[in-house]
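What follows are several structures.
Look at the two complexes coming up: chain A is in both, with chain B in one and chain C in the other.
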Partner chain A sequence: MIPFEMVEPKSLKEALALLDPQESTVRAVAGGTALMLMMKAGVFTPTRLVCLHGIESEYARITVSAGELRIGAMATLSELERDANVAARLPVLKRAMRTLSNVRVRNVARVGGALAHGDPHLDLPPVLAALGARVSISGAGGDRELPLEQLYSGYYETVLAKDELITAVKIPAQAARKAAYMKVTARSADDWPALGVAVSFAFADGAIRDPIVVVSAATEKVTRMAAAEKVLHGAAPDDATLARAGDAAAAAAAILTDAHGSAAYKRELLRVYLRRAVREALGDGARPVRQ
Partner chain B sequence: MNQVGRDIPRLEVRAKVTGRADYTHNLRLPGMLYGKVFRATVPHGRIRCIETGAARAVPGVQCVVTGEDIRKLIAEPYYGPAFHDQPILALDKVRHVGEPVAVVLASDPHVAEHAAQLIDAEYQELPAVYDEVAAMQPDIVVHDMLKPAGTFADLKHLKGRTGTNIALDFHLRRGDVDAALARAERVIEHTFKTQQCLHLAFEPFVAVADPGDGVLTIHTSNQTPSFVRTEIARLFGWPENRVRVKVPYLGGGFGAKVYVKLEALVSALALLVRRPVKIALTMEEQFYMITKHPTTFRIKSGVGKDGRVVARACEVYWNGGAYADIGPRVTQKSGFTAPGPYDIENINIDSYALYTNRTPAGALRGFGIPQLVWAYESHTDLIARELGIDPIDFRRKNILHQNRPQASGTPMTDAAIAKVLDAIAARLAWNKKLDRGSGTVRRGRGVAIGFKASISPTTSVAIVNVAADGSTTLYTSTVDMGQGSDTAFAQIAAEVLDFKAEDIRIVHPDTDVTPYDMGTLGSRSLFHMGNAVRLAAEDARAKLQALAAQAGLPEGTNYPPAEVFKKRFGMQAGNVIGAASFVPTYKSPDAQTGLSDNVTPFWMVGGAGAEVEVDTETGDVRVLRLVNAVDCGKPINPGVARTQLSGAAIMQLGFTLSEAMQLDAGQVTNASLADYKIPGIRDVPPMENELVEAEQHTGPFGAKGLGESGTFGVSPAIANAIHDAVGVRIMELPITAEVVFRALRAQQGRPLEDA
Partner chain C sequence: MMRTINFTLNGQPVSTAIEPHRNLVELLQRFDLFGARESCGQGLCGCCTVLVDDMAVSGCLYFAVWVDGKSVTTVEHLDAEGSLSVVQQAFIDCGAFQCGFCTPGFVLMTHQLLKAYPNPSDDDIRHYLSGNLCRCAAYPEIIEAVKLAARR
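Presenting the complex of A and B:
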């Protein structure tokens, strides 16, 4: 390992000032679980790491106001997993944590890092995107807010400037919306997923309303499936509708071939798991994924 | 108290769970340098130049060493157990991606690592061969000339051979296969394949060499300390007593750490710089050291009207990678079991060890047997299906019974094959109907049995030292790598000497101190070293009795040893050394027919039964139940034996369902634990592990080895169960969900199209 500078600012403002708008070897580190692996593998060699552990504690809080859940970017995944508000309001998020890496990683990894990393195989981005989450971003030039799925611009790529940081995720009140996340691993239970499918929707009078369908892992970035959402909106979740939604998603998703499986196979998985995700959200006792 | 058969916890368990156990990784010597290996980036090429200037210029770098530097120290720097084909660092040519080309030495391992990234090598790229069947043709030749080690008589004819990739061809001829096939009612033929996978011990390879003053000391994570001593002495042209090899606990071996791995390299480096040198590989570097043979197995059987197999022809191609390692022995010593545990009169076996431009392949928990069982037990199931016979009945009809000659001609003595099959059938309640599921979830079940010969001829020597207070120390060069050999040997010695096993201390391999052992491999230790320990303990007991007689005590006295010593020497003084060698008899296979009536000192038998559930929409296979059964003779420690069985089965489960080294133009594309998936705890199915009642009459207290037996049946039992569940047959490992899905779609007449 080549020596580098490690700085520990005491405030968000100070942290932002220590980042460099031009230099990609200067990076913020939150939990460091992903960054350390990249450094160990030699794919990232920092000149300066800006450690965020010392910034104001409000950035690690999970709060509710006016029905909206706000997750500070420095909250650990374990804190998210154990939070009473999350458990009560977003059971899908709590459930997703059980198969998200392992307890040692969850104790250290931070929500902001998990979002900013840009790895399409991670579990939080699709689940949060399906819940209609927005990310709050601070930078030297000011603050901005984005729908979560708009954070991603490509494989391991985000729209964040080099001197911007995610400060929070905001999830709107879900009311009676139903949600599910299907993590499909192709080789071993603790493998990176071959496919992630997250859905949420309102359900009234036997019909799906305002669905959000998100695909991850099989695509180069977390992607909303507008065509499938269109099929589902206003329709009853019967076999024919779910099959058409699956076909629409399979046709639209830019699925890649990799070590987890061929694009052709993952497209078939998408058809099946989109249906299963909707059924799971409805509590129809769909067959759970291998886990 | 009976010490043999006691279920005591492993003696080292407390030291291991509290983190106090000694491992080579923890060793630091004064003045020690760390080496980082620079590896080949092309699969096959002539070395044009190696640019080391930038690495040398890094502050803190002691030096950069290449193959040419090694050649100045050792004129012929090639090693290997069967062929002297592997250079300590690449010379003239590189033969696989990841082959060591140069080493940076520095006091700081991070400096060495950084500097190694600055080395650049240029190659004249050569066409490469990766497939074992393609390598049968001499179009692309990996080695210009074959260089057998000379220690094996059956390799001598290969010396100096050029223009070939065949490192060994083994042939066995029994009866008249062609005539029997011509007469047979049905002739059924299949081809099965296995993938390249690897051991992935959680302690990666590590070795430290200390040049010393006249005696070179090697501290290493290695399963064969005696061999390392012999081979390093040969390389330097020294007597063996100038090389000392010390081995503490191993964090897993599984056949990876046999013979010479890093030891020649650290030794040469230490002698070049006259300082201790340590090289510790990363998990990722293990993908370039040693692997399990990919295979292609063509198997053809003739079956009579009565459902008896009358003839079987086996052609097995072993993909040995760039260096032979122990592959030629796999080819022969496992090759002769290729027809399976069946009583077949007419047999042909043709087994070929091939060089290719892949990471070398060697021994991996089963020494080739799991690849063979995969083919012959899948084939056996398919024949039973084609004949409409229940697969267990079909096996019973053809099984080799006690004392019947196996293909080689050696009788199957103390091999409880039928009992293992019966135990699996009983556990699975085979005579009861299975709930076959419905809709998109279908269930099925399958069985498979296999067997293995022990490596032969080999020698083990043990020393038992009874001190004047009666406390006893056992000296062996067996390596305890988690299999529990320390505990088993303590139980054997304690049984003979009437002590408590927990009170016996074991000295770990140190070739200056512990006597010769061929190696901890092939499930041989409990039988070979176990017998040596028993004999050494008996020798000590006899000497204690002689001492008692000298002290004037009556014959058969029950005076404890401490009292005997005191009476004899007048104080707490003296000691008694019991020593023994054990080497079973052996007859080499006939050069023409491949036959021998004494090819192994004992047989290992193992089998598995699986119940699986297939998701017909995704191809996902869940193992609902895995039954493992073995004949391990009379177990010395049943608890440890069962954990060996489950450990082997879980390892083979990974090779069955998920593990595969992916290769793209010779490059391993998934050389990490993130991308090469071994089973995790949530992948382990409900398992039942059964030790069938048996006895190895020539074994220590009726016991024999079982470290590998749990691997034999797992893969074909699962493939057979999948076939039973959904009617598709998988012919190649691993059986991923996608593989099953594609087979299901093909079965439905709408194969999955890749856009």
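Presenting the complex of A and C:
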């Protein structure tokens, strides 16, 4: 790798001041597992990395308040995986962790980095989006909060300014909502996914209520599938409804052809896996279908 | 820009100067430690596994300066008390390698695995070691070795 400067601020304010609103070769680094890959591939050549480890303790906490789970952006993915509140309240998140990269990457990679990276193949953004998560962002100009799916503007593109940092992600109380995440890898089981589908919904009197359906990996960014949500809302999850929801998602999603498969193939995967994801959520984690 | 870092390496306090763009594998090579090898360079294969404050990391994806003030343990430290670790002996007894290139990573990860899962199922083992690749495909023997080490 090409030499660069690494600075280690001791506060968020100091970190924000060390970022540069104009300069794309200055970036924050948390776990570095994704950033170092980009540096090794030569697609990112920093002049300065702003290491966030010095402000870790304050921004790595995972807490619950009034039913809302707040995950500090500097929490590692392993901390998320082991957290008792996550396990009790968001089993879908804990399950997703098991096949997210590998133990060593989870030990080092931070939640904030996994969201800010903008790679549509990552597991955390679709799962959190389906859980209705909001992202807290701090910048020199002040703080703001966004629904997670609005963070993404394109392939590896986010709406974050160059001098803004994610500080936390907040997940509302799920009450009795059910959720599932399924990813499809076209080659080996540990490959990057060709498709990710995350769903959550309330289920009462035999009908789905207020569904959130999120697609990732096959699209250039994490995307909510409003057309499929409309089909599912108020309907019983029978074969015909799930087929119509799958068709609606497949028609609406802007699916890309790449090394993981053609758009036509991934569109068919979406039809099938949307159905399976809803059924898995209804099974409440019994995992009737193995990916 | 060299930076001086102080850390504990296999139980001994050490100090060295290193540039920010060096990774942990490169740092260890300066101490003549070659058990952690950069192989895939992408955190996928596990050949560069190192323990930092008793937590497994991919040395190829970890900046060397980040070990400042921390404790680093490599595969070379496992026989520090004069005999092979239980895991190392189990790998030998099960023939859990052929060329041996990936073995240091598998052995270190197995030490961590057995702390998290003292009595692991096949599924636990496969998931925990999914980030370690053996090109000789000694996987059946590796799983046997993990189970043997757990029993011992």
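A few comments on the model shown:
In this section, the second predicted complex is superposed on the first by the 282 of 291 C-alpha atoms of A that agree within 3 Å, B and C clash if a C-alpha of one lies under 4 Å from a C-alpha of the other, contacts with A are read in each partner's own complex, and residues count from 1 in each chain.
Everything that follows uses one rule, which is that a residue touches a chain if its C-beta (ideal position, glycine included) is under 8 Å from a C-beta of that chain, and two chains touch if they have at least 3 such contacts.
Computed from a predicted model, the values in this text were never measured in an experiment.
When the two structures are aligned on the shared chain, A:A87 is found in touch with neither chain B nor chain C. Shared-chain residue A:I2: touches chain B and chain C both. With both structures placed on the common chain, the touch criterion links A:D190 to chain B and to chain C. In the superposition on chain A, contact of A:R98 is made with chain C only, not with chain B. Of the two partner chains, chain C is the only one that A:N107 touches; chain B does not reach it.
In the superposition on chain A, A:G261 makes contact with chain B only, not with chain C. In the superposition on chain A, chain A positions 1-2, 189-190 are in contact with chain B in one complex as well as with chain C in the other.
The part of chain A that touches chain B in the complex is made up of residues 1-2, 41-42, 184, 186-192, 259, 261-265, 268-269, 272, 287, 290-291.
By the touch criterion given at the top, residues 1, 3, 19-21, 23, 41-44, 46, 49, 55-58, 60-63, 65-66, 109, 112, 127-128, 130-132 of chain C touch chain A in their complex. Contacts from chain A toward chain C in the complex involve residues 1-6, 32-33, 36-37, 40, 49, 51, 53, 78, 98-99, 101-105, 107-108, 189-190. For chain B in complex with chain A, the residues that touch the partner chain are 110, 113-114, 117, 440-441, 615, 617-618, 620, 622, 654, 657-658, 662, 669-670, 672, 674-675, 677-680, 682-683, 736-738, 741-742, 752-755.
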